[in-house]
Amino acid sequence: MTATTDEIMTVAAARELRDGVLCFVGIGLPSAAANLARATHAPNCTLIYESGTIGAKPTRLPLSIGDGELADTADALVSVPEIFNYWLQAGRVDVGFLGAAQIDRFGNLNTTVVGDYADPKVRLPGAGGAPEIAASAKEVIMVLRHNTRAFVERLSFVTSVVKGPRVVLTDLGVLRPDETGELVLVAVHPNVTVEQAKAATGWDLRVAAEVAVTEPPTEKELSVLRALHAA
Amino acid sequence: MREISLAEAVAELVRDGDSVALEGFTHLIPVAAAHEIIRQRRRDLTLIRMTPDLIYDQLIGMGCARKLVFSWGGNPGVGSLHRFRDAIEHGYPHPLEIEEHSHAGMANRYVAGASGLPFAVLRGYLGTDLAKVTPTIRTVTCPFTGEELAAVPALNPDVAIVHAQQADRRGNVAFWGITGVQKEVVLAAKRALVTVEEIVDEIEPHHGQVVLPSIAVDAVVKAERGAYPSYAHGYYDRDNAFYREWDAISRDRDTFATWMREHVG
Amino acid sequence: MREISLAEAVAELVRDGDSVALEGFTHLIPVAAAHEIIRQRRRDLTLIRMTPDLIYDQLIGMGCARKLVFSWGGNPGVGSLHRFRDAIEHGYPHPLEIEEHSHAGMANRYVAGASGLPFAVLRGYLGTDLAKVTPTIRTVTCPFTGEELAAVPALNPDVAIVHAQQADRRGNVAFWGITGVQKEVVLAAKRALVTVEEIVDEIEPHHGQVVLPSIAVDAVVKAERGAYPSYAHGYYDRDNAFYREWDAISRDRDTFATWMREHVG
Amino acid sequence: MTATTDEIMTVAAARELRDGVLCFVGIGLPSAAANLARATHAPNCTLIYESGTIGAKPTRLPLSIGDGELADTADALVSVPEIFNYWLQAGRVDVGFLGAAQIDRFGNLNTTVVGDYADPKVRLPGAGGAPEIAASAKEVIMVLRHNTRAFVERLSFVTSVVKGPRVVLTDLGVLRPDETGELVLVAVHPNVTVEQAKAATGWDLRVAAEVAVTEPPTEKELSVLRALHAA
């Protein structure tokens, strides 16, 4: 099987999830990655969706964060205020998974507008749960496609400020913060060059002394991911 | 329980200029009631909702809204809400004032509203630009630890509208599955309208069930498949295909107008 | 789920000097666990509970408590708690420090604790002497309306102990009927012990059911009739006669000591 | 049937409850009065107990505020934080029913201590739900036995400050506040004299120009009350 760049990104994100953690999952790529992790190396992860499902074990990927499959397979169902207050804000969440339209060199995220807030070029969906996930989760994993529209020198709007240790998985490689908090390219995916990653970044991307090459997705990872999508 | 039609309930409870919150977190979205508001041509509404989705795209596109209070405006799992974007980006069909929060902020605003408190406290918004553009985000200092936290004002909509699976004949209402902020929005609102899939003699227990006693509700109206194309747990599934189709329908102003005329009236 | 006895769980989770909250609002009072704490002769505990009743009378009378944080200390429907009164009125078996709130204040202190907030806001205590004698009652000003409201600090006990009807084999816990503040106290505490009537393969839904997922709990222990003489909805009734008898047993220091030796050990 | 003084007091309290109201009920005499009202002239009252039962319809009187009978017959069961925040504090409660160990001439209540707080002569149970019921209910009905230990010039401790319009029912008569808030004797029960009520009050009790005499309990009221107690 040949993996697409999105699949490589999703598999790389899944591998970041250690077994046994409590993970607050956003919809889309984060949900695919978290459920891939649960179906492979991290069976004892507990997944929380902001809709109020705790311990959901979906066998197919939900299209939205409130799909019935999540409720049917959850250990407990709680209200939205409870998810945000009793679970996220209380500091129980080990890992938050976030996507974004824009990211800056410190891993701050924009999901609000492109252009001016009062007269935007593109109106994006907005904050959702992200600002508090970014602030309250002990660790944040970010997943987004690597290009100069997304990786920008200056965010149009700071929607979320990521606090804890973090990693950014893209369709080109892996970025981790150095001690100053600036993102550094630490790995590229198979057949991707450091130059490609630099060219796709809107600032002068720092590169680690030794840049690793991501292990390609295994047959197992790919088949499980595709089964999750197909189901 | 008083016998009343959805048209009568909306005519009685929703007035031009009202602040109206139609809630339902992906699940149990009160679509039938939203369509009735559109048919009755309500104007100048302040629409409140954590996740403005298809129904708010429709209300905005049909010119019912003056202002939107929200935290995430998208077509879940699909992409943009094009009528919402057109209103904000181009002022079409007319300009839309917005008041924007995070989910945690909105949820706590409803909790404060339901609790009869003027504000709620949360750890939120720290370092974000939201506090700069949204005047209803302030701070409060803990009188015990000195810590500074975010404060948001209570939301007390004029009208709350939600959809539930069941009501019994005395008007007690039962939700189960994902119940979102439905309890809070009903208790926070001055008036509350609940549409239900079914009227039953006796409410049966279900996992995660929330029961609102009849005294919390002003009108209960039967509206079968009233949450379609969202879903009602135990009754019908989400029509994911329609959510994808909505992207094309809503992208163009005329296609949208035609679709609305044909399907909502 | 780890197999563990009640004695092992108490030995592991409850330490001398801890703040310990045993909750249960009339229903599902964790009596078996309280008796185990007494048998293990824990000392210097800060006991926290909205409604100190028979078990707190027993813990206080047996000298386990240094301090009591509470809002209503009586024998419900009967009268006084004599060991509680003897400790406060005469310092027997030793002086008892108290921190006294209202029910609304205590409930909100648990909510703040469960929410990871340093304090809670409520309309409460206005004009009462409680604020004069309890330093953990302060005020906070709404940053939107300027209204002054009461503020109370979060409660985050070292240990929460509650009794529930059921747990499944993975350690998810189900309460139903009157569920009080059990969810909040478990989520507010650093460590949580739950005793249950029954371990089941699958939790069945019940009206008003609250489910705590296994990750919220450190130990689940089967303790049949573990809430007697209070009750477990669906399992056994409250022994109202025993509550009345307790009045005579507890009134006299020696009668109390003898009864405890014979019935608790 | 001959009514006891406690029965006359309970019946008088029940009659104060208008049909259709939402009533927050304390245990003991208030619960007896509220359930008697529901079983006679006020079938559409909704009773709330602080244990979290809304719309309970007990057929026998609960011994405690958390009896199973209350849960079995309730329209909805909620947590204790919800009862206090979403129901009481939100201002939904029309009528609160309270008892107390001590009352002063303005209807303020003491349920905390007799004597000094730090070194009390009698330690009472404490506040429970009373301070917030007193402050949040639109109207408060107080029920307590009339004697100089209870009706005092000065409370040992102010546990609850009653805000709204109010009435006090005793085993001797009925007191209502005048425009200054001071309690005035407006009725005495059958076979009770104004002098008895004055002698049982620890301050110089004001007396209305016309003091009514309470209608004695009807056969119906008495039989229903006794059935509630006997069940």
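First chain written, first letter: the chains are A, B, C and D, and each begins at residue 1.
Rule of thumb we're sticking to: a residue touches a chain if its C-beta (ideal position, glycine included) is under 8 Å from a C-beta of that chain, and two chains touch if they have at least 3 such contacts.
What you see is a predicted model, and the numbers here were worked out from it, not measured in a lab.
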item	value
Separation of chain C from chain B in steps, with touching chains one step apart	1
Result of counting contacting C-beta pairs for A-C and C-D, higher pair	C-D
Whole-Å gap between the CA centroids of chain A and chain B	27
Length of the line joining the C-alpha centres of chain A and chain C, rounded to whole Å	41
Chain centre separation (chain A, chain D; CA means) in Å	58
Shared interface positions of chain B, touching two or more other chains	116-117, 122-123, 183-184, 207-208, 211
Multi-chain contact residues (two or more partners), chain A	76-77, 85, 89, 136
Which pairs of chains touch, using the document's own definition	A-B, A-C, B-C, B-D, C-D
Complex contacts: residues of chain B adjacent to chain A	25-27, 50-51, 70-74, 76-78, 80-81, 84-85, 88-89, 100-104, 107-108, 110-111, 122-130, 133, 176-181, 183-184, 207-208, 210, 231, 233, 237-238, 240, 243
Of chain D, residues touching chain C in the complex	27-28, 50-53, 62-68, 70-71, 74, 76-81, 84-85, 88-89, 112, 117, 120-123, 125-132, 135-136, 157-161
Chain B residues within the chain D interface of the complex	114-117, 170, 172, 183-184, 187, 211-215
Chain C-touching residues of chain A, taken from the complex the two chains share	22, 46, 54-55, 75-77, 85-86, 89-92, 136
Complex interface listing, chain B residues touching chain C	116-123, 136, 138-145, 147, 149, 151, 153, 203, 205-209, 211
